[in-house]
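Below is one structure. I have some questions about it.
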């Protein structure tokens, strides 16, 4: 039961809380729920446009976390090391979010292979689509040079 | 049921999520659990000092939410209107947080009455105390002048 | 003496300081110089990707300022009101910025007319191109509906 | 010509621009001028309270820069290394800043010696005092243990 995860009591709670806090894997990829706070808004009364990239990044980070991919471990995983670097973003701002809104960030893998990953992400408030994004990620080694994504890792994103 | 509210499938799940999202009232006040993401860190490898104020503000906002005090409603609650304004903060940075840490933000009321509120807040990682803060809040009306906190509202903070 | 520009005394100073602070119009559009501070970096040691959108937005805001277009005035300029809303961004992250870097943000108008504007923006460190962005902006009225950009205003962007 | 300072051409420009960008040393310490942008505001229409800490930190960073103290160099300056860590802040929020405001951040040394530094900082808009802060900074070595501030360095802050 997800609620237990954050709201329960005793030691069990903390562990479960960790999990709920990180969202959950879905049929299409990953889903994370986040709240809009003061810090996310600007004087227009709406969410500051760059803040949506924070919500998207939290989604990507927790997607990896739920896949069991520790980014810090990847760096020293094999001889080369492996780092994900955002190479390009295309973002459509469909409709604005406001203070106190509850947002669901959905992340799914469009492509994972070679030296490249493509993720598609959406932010919704209830059913309404607010943000649509396409994120092109370069797979590089510890020295910043392009490298291949290992098969085992690529497979995780395609599940 | 709040959880229903947000989490779509297994309608039940969503409601619980909503509730968990805003933390919970405790014997001493309020407790909120939050994750440290990339955005919170700086090149020192630790959390950027001003980001702790974001975590503290999320705690205060959700404390009010859990008390059933809608800040937007307050503004038009009576003839004068009522707004909370941070007047002074004293913050002790005891120990640093790091990427991926899970933080618990505890908020409690030291004083609520007259035209002033004093909240004490703590941020902990597990048992370890990272941040201790004292927040002096002025109670003002819609025109920014000091006004008294209504008895009914003051009582909520003292429960 | 450059220092006078920002640090001098008397009325002249403030005006000049103000002007320098807002960058300047160039043959192609506008150019603004900004410093990278702690707040802009993350624990990777580089600038956090969403922060580039802050630098780009500062550039757009000061471009309008240097064109003499007060955004607050636009809202009540004619019967309808006029607001600029970011509709889509395409951002290429070419090379990373680091703590203490001095960045030049260049903004130019690709299209201004109808209910739409397209701006192209670049961030460089010295000669090196770090960020390239294309920003599609919707022109809407006070109620958020598409409206035409007045000829006089469109002409300013095309100079 | 002030504009030259930031916008001129040739090598001279970059150096002068760099200098102006970093504020200047004054009789009392250091002074930096900064603009309020969209990113600094929240939906209340005023500057988000935690953003003042960003302005203060920019002031401290450029104070060190103008004193010729490279923080990165300090880390490897002697056998121990030297790092400045914010230990406590007391901040009085006197009056709010708004979008487009030009702010002057003044930093001066109250105490520099032993394993501790105390800085006092103010943010003003024109003559009006908006923010007053007292920042207690611990001087630690590369392993995070308290160490003495070298005499030569302490003397720089007392000039």
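In this document, chain identifiers A, B, C and D correspond to the written order of the chains, with residue numbering beginning at 1 in each.
Criterion: contacts are C-beta pairs under 8 Å (C-beta built on N, C-alpha and C of every residue); 3 or more make two chains touch, one makes a residue touch a chain.
None of these values were measured; they are calculated from a predicted model.
J.: Which chains are in contact with both chain C and chain D?
T.: A, B
J.: Any chance you could check whether A-C or B-C wins on number of contacting C-beta pairs?
T.: The greater number of contacts lies at A-C.
J.: Name the chain whose C-alpha centroid is most distant from the C-alpha centroid of chain A.
T.: It is D whose centre lies farthest from that of chain A.
J.: Where the CA atoms of chain A average out and where those of chain C average out, how many Å apart are those spots?
T.: 28
J.: Between chain A and chain B, what distance separates the C-alpha centroids? Give it in angstrom.
T.: 25
J.: Counting in whole Å, what is the centre-to-centre distance of chain B and chain C, each centre being its mean C-alpha position?
T.: Averaging C-alpha atoms per chain gives centres 34 Å apart.
J.: Return the residues of chain C touching two or more other chains; collapse runs of consecutive numbers into ranges.
T.: 38-39, 50, 54, 57
J.: Chain B touches which residues of chain C in the complex?
T.: 38-39, 41-46, 48, 50, 98-99
J.: Under the stated contact criterion, what part of chain A meets chain B in this complex?
T.: Going through chain A, the ones touching chain B are 1-3, 5-7, 14, 17-18, 20-22, 33-35, 37-39, 54, 57-58, 61-62, 65, 100, 102, 104, 126.
J.: Taking the complex as given, what residues does chain C use to touch chain A?
T.: Residue list for chain C touching chain A: 49-51, 53-54, 57, 85-93.
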